[in-house]
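Here the structure comes first, spelled out in structure tokens, and everything after it is commentary.
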Amino acid sequence: MAEVALETQGLTMRFGGVVAANRVDFKLRARELRCLIGPNGAGKSTFFKCITGLQSPTEGEVYMRGVETTGWMPHQIASLGVGMKTQTPNVMDSLSVHENIWLAARRFHDSREADHKTQEIIDLLALGAIARDDLGRLAHGERQRVELGLVAVGDPWLILLDEPAAGLGAEEVERMTAIIHVLNRQAALVIVEHDMQFIRSIAQTVTVFHQGKVLIEDHVDRVMSDPVVRNVYLGKKS
Amino acid sequence: MSLNRRTFLSSAAAVASASMLPRAAMAADSIKLGSILDTSGIFDAYGTPMDMAMRLAVNEINTAGGLLGMQVEVVAYDTQSDMALYSQYGQQLTRQDEVDVVHGGILSASREAIRQTMRKTRTLYFYNVLYEGGVCDRNIFINGVTPAQQVEALVPYAMGKSGKSVYILAADYNYGQITARWIQKFVADNGGETVGVDFFPLDVSDFGSTIAKIQTVGPDLVIAPLVGGAHLSFFRQWAAAGMKDRIPLASTTMGVGNEHKVLTPEEGNGIMVAYNYSQELDTPANNAFKERWSASYGDSSLIHEIAVSNYQGVMTWAEAVRQAGSLDREAVIAALETGLSIGGPAGTVTVDPKTHHAVLDVHIMEIEDQGMRVIETLPQRQPIDTQAVCDLQANPDDNTQYEIQI
Amino acid sequence: MDLYVVVLVEMLYGVASLILISAGLAIVFGMIKVINLAHGEFMMMGGYATITAVNLGVNVFVAMLLIAPVVVGLIGLVVERLVIRHLYGRLIDTMLATWGLSLFFIGLATMVFGNTTTGISTPIPGFAIGDYQVNGYNFFIIVVSALLLVAMLAVLKGTRAGLVARGTMQRPDMAAALGYSPDRVYMATFFCGSALSGLAGAILAPLVGLVPTSGGAYIAKAFITVIAGGPSLVAGLFASAGFFGAVNQIFTFAISPVIGEVALLVAAVVLLRILPQGVTGTFFKGRL
Amino acid sequence: MPGDLKREAIAIAVVTGALILVLPLIIGTYTLTVLAVYGMLGLSLGLIWGFGGILCFGQAAFFGLGAYAYAISAINIGESTIPMLLAVLVPAVFAVLLGAMMFYGRLNDVYLGVITLVVTLILFKVINSTAGPQYMIGNARLGGFNGIPGFQTLNVPGKPDAYIWGDSYFYVCAVLLGFVYLLVTVLLRSSFGRIAVGIRENEVRMSLMGYDVRARKTVMFAIGAAIAGLAGGLFANWAEIVTPNLFSLSQSAEIIIWCIVGGLGTRLGPVLGAAGLAYLKFLLGQQALVDNALVTGLILVLFVLLLPKGVVPALSGLWRVSVGRRPPGRIRRRRRSRHRERLHG
């Protein structure tokens, strides 16, 4: 069981009459990296929120390392050792970078240890120059990076990232890719993304969502060339 | 209250007051009269004329040469209809201003908020308002009518004009609660039956459901010891529902703050009341008083029951100081306990030594065209309710408000 | 039997008066997301405007239905221009500023009108339902509230102005792009909301004694009704006023007016705990 | 960090001591006592609102509960030590229940405001309608509108006859205010305090990081209530009567105004705002020219419009601009972190 980091069975989410996620079965092995793609409204984000506990699914179950976490609160899931990043940057804007990361570190370490850990992450993410600045004043890319730091500082074994590369410049995307590779040494990752270049550079297996269901799940190259996928998703883009 | 505490308090008071700055310079040649009244807020209709009456009395005393060769100086605080401010200003009057006497308090709640402070600091206190009776405390003198003086007279008259079943609507605080019990007692004594009692917090102003409820019970008479501006709505809504001609109303408070002048004649006419004073009293003393009031304030329409009580209270105190020839609290109390009498606008007022309450005239009246028509005058009634439970001559250390038990 | 009719009338009256005292607040909150805590004082000023006009010899209905709303609406306009417009989008700040305004107006009214209770008589006589006398004015309030709801619905749904207002409320940027100044729309909305507050104060004036602090009695109830109603303006107002009005009157009749008020408040706590988005945030989503 | 805290503790003690010595020369101690009590009440809301992000419209509820808990238990016990503890505990327990109800129900912002406001109103209405003789707790009659007068006031612990009042009572209140201020300082520097600030900034993020936001907010809420309750108990001793008006909306409103005017997100702001505005009200109460409410209202409106951050942050901002340093709160945190950097870097 320990080999499976995340599994959902028949995960379904309805809003009134709308079925945003429809009986999704999903499985992620330890240290696997998986990208979720799909057109807008395909149910990626809903699926994502159901896993992170921001929403609780109408039906179905979620298991993390074999523990059922269906309907848990986000903080309970996070406490298992799961790192999460939401779609829009979600940080403490009027606190400094250091304070932000320290707060994340403090959850899993005592005060002194948290200081250590914070410094490690700041070095890892090359945030030293801006460590004292309030987050509200930083550029979008820097904020994304800090948020990744918040996720990483807890040494998670499962990381859920919603659009980590959105709005980043080419150089920043590259840095992001490197960071993700480092994280992937310890943890399994689920990444919701649109940027195909980025996906190719990090992932092997891709899961495609369409109308709330898993349309296909395969190697990135085969998915890209799949005519059905092209039809529902890529076709429109290219 | 142990002796221990009192001596401690008075010595501590001396220490405390020495460090309180800035303070008004102590004028050795004047007497300080503390006044504490709601001259703003929802009880200002009671308090403002009381304040005017107090100032009128002090002016008259000063014009006549003052007391013991000294002028009387007024130290007044407006408590803004907030009970918490009573304790605050009460402390200020006694500990900071160190007044010689305090007149004031309107609602029974306000009296109880400051009574113990007055007692502790040994400041003579006059409460000049009609109330529910039963306060037994050597430091306080009360000249308002009590239920035995008022309710006992009003109830049989009102029942005689209506019938035996009575519904009571009372303000929800100590005055209303205790007065309602007195009404129940006198209704029973007169062979009637109390068919309902409802209490209303002072901020209630919607009586629609109550009026409907009263009709389901169908009493012969409604007696309403309601208090304050919000409760005035009851009389208005009662009339608006067309109930006025169906069930007669009596009240122990209506008109005390000149409420009958705010209501239209259609709303007010016929409500039965009983008080010590009415502007319509046609006596030389009252006519002269109204003239003096008009001379000071332009017109006399604001005078009401408890304004006159306040005037009579100040005058009673002044007479006692004259007779005692001293401001010493014990000497003044002794003078008052001789059964001292004054002639006020509402007739003779005599201090009852046993209870520190007053013996006075009570008039049964009906509201008529925004005035009070006197039906019957009951001279020199004793506060027998309080006399039954309180004897300060025998028991000078008593410090209780006795309540009627049913 | 007659009693049931009387209770029903009182219940309708309870609901109607809640609608009346909440309408102004609901418009301002629902349309421009401003919680006007000076709403109670706007009502109080509506009451004073009516009484002053009546004392000057104006017909009481003209004073209530015309003069008071216009006067208070204009006061609202001044308030919007001087204070509120600097604070759009800052919900908590508008609450604090309008709280300050409420104190300011209490002080102002005290200085102008004094602190003594004033009032006017009800202009409609009472009448009988079977063996019971009821206050005829209650029916007037019920009718006015019903008309008010219908009018609100009609204006919002049926007129161009309503359409523009609704559009602006959802997407101010789009409305601006289409040539409607959001600033103007907000201003007009605040005017309407204030005028409704004034109307409510005017209509309730004959029932109760008026003092400068009278507004405080209404604001809490109105606030609770509007918040519990949730995002849909008219439906929310109707649903929560109906619920709270009924609870209030049932407990008032069964026990006492105080228990009625407490029951209303307890119901509000329970309701918000169960439906944290208000009634219409849960049930009538997306309707007006 | 401990050395740093020590310095601050000494500063607080010195300032408190100096004020205790100087202020009675200017203002009577009777007035000063209530200013200190209000300062503590302001601090209670300043803590949960300014640092915990919880806007409570009913802080007066805890103030009133503290006062009533004191009065009722003082009548029944006849000695003031346990009543004083109850004045802190009862509001805290009530806040735990209320807070848990709200925060576990994910109520926020306006809804939080409504619930706290409504609960205050309920307390007010219920207490206000207990005038009848049947409403007793032990020997204490609740008294409804009248309130409860005549309870045992503060005494030297264990000696019911040794009353603490007048000047000595002022010293007690002032020292307690300094002590509570110090406690708040320690709290805010602890992990709990820093996490609370994080929650104020971004609840979702903090819960995604694994913090139980609901529990932490509930605890924060209860700490604020405990401080307000202590202030309530002290107020009861000062006024020697408790009335339902302690629960009134206008009391709650005033507390909010103190915080806004003084400055949110600072410890000193709410204390200064409370003492300053209460003294202003006291001065205004002695004149009849301008209505009290009018001035208070105008102050609030002007502050929201022109100085929404309050006096203390504005002044420290001014200080920073003119002297070129960061406001004191920041300096300390910075110095500490630099120290840390050196350690690990």
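Every chain is named by a letter (A, B, C and D) in the order it is written, and numbering of its residues begins at 1.
Everything below uses one rule, namely that a residue touches a chain if its C-beta (ideal position, glycine included) is under 8 Å from a C-beta of that chain, and two chains touch if they have at least 3 such contacts.
Fair warning: this is a prediction, and the values are worked out from it, not measured in the lab.
Student: Ignoring chain D, partition the remaining chains into groups joined by touching, separated by vertical bars.
Tutor: A | B, C
Student: Closest chain to the protein CA centroid?
Tutor: Chain D is the most central one.
Student: How many angstrom lie between the centres of chain A and chain D, each centre taken as the mean Cα position?
Tutor: Measuring from centre to centre gives 42 Å for this pair.
Student: With centres defined as the mean C-alpha position, give me the chain C-chain D separation in Å.
Tutor: About 33 Å, centre to centre.
Student: Where in chain B do residues touch at least two different other chains?
Tutor: Residues 172, 199, 201 of chain B touch two or more partner chains.
Student: Enumerate the residues of chain C that touch no fewer than two other chains.
Tutor: 110, 258, in rising order.
Student: If I apply the definition of touch given earlier, which pairs of chains qualify?
Tutor: The set of touching chain pairs is A-D, B-C, B-D, C-D.
Student: Touching residues of chain B toward chain C in the complex: what are they?
Tutor: 40-42, 44-45, 48, 172, 198-201, 203-213, 215-216, 229-230, 232-233, 236-237, 239-243, 246, 262, 264, 266-267
Student: Any idea which chain C residues touch chain B in the complex?
Tutor: Residue list for chain C touching chain B: 3, 6-7, 10, 13, 110, 114-119, 121-122, 124-128, 131-138, 206-209, 211, 213, 217, 249, 252-253, 256-258, 260.
Student: Which positions of chain D touch chain A when the two form their complex?
Tutor: Of all residues in chain D, those touching chain A are 191, 194-195, 197-198, 201-202, 204-214, 333-334, 337, 340-341, 343-345.
Student: Which part of chain C faces chain D closely enough to touch in the complex?
Tutor: Going by the criterion above, the answer is residues 35, 83, 86-87, 91-93, 95-97, 99-108, 110-111, 216, 220, 223-224, 227-228, 258, 261-262, 265-266, 268-269, 272-273, 276.
Student: Would you pull the chain D residues touching chain B in the complex into a rising list?
Tutor: Going by the criterion above, the answer is residues 24-30, 34, 125, 128-129, 131-133, 143-147, 149-150, 161-163, 165-168, 239-241, 243, 245-246, 285, 288.
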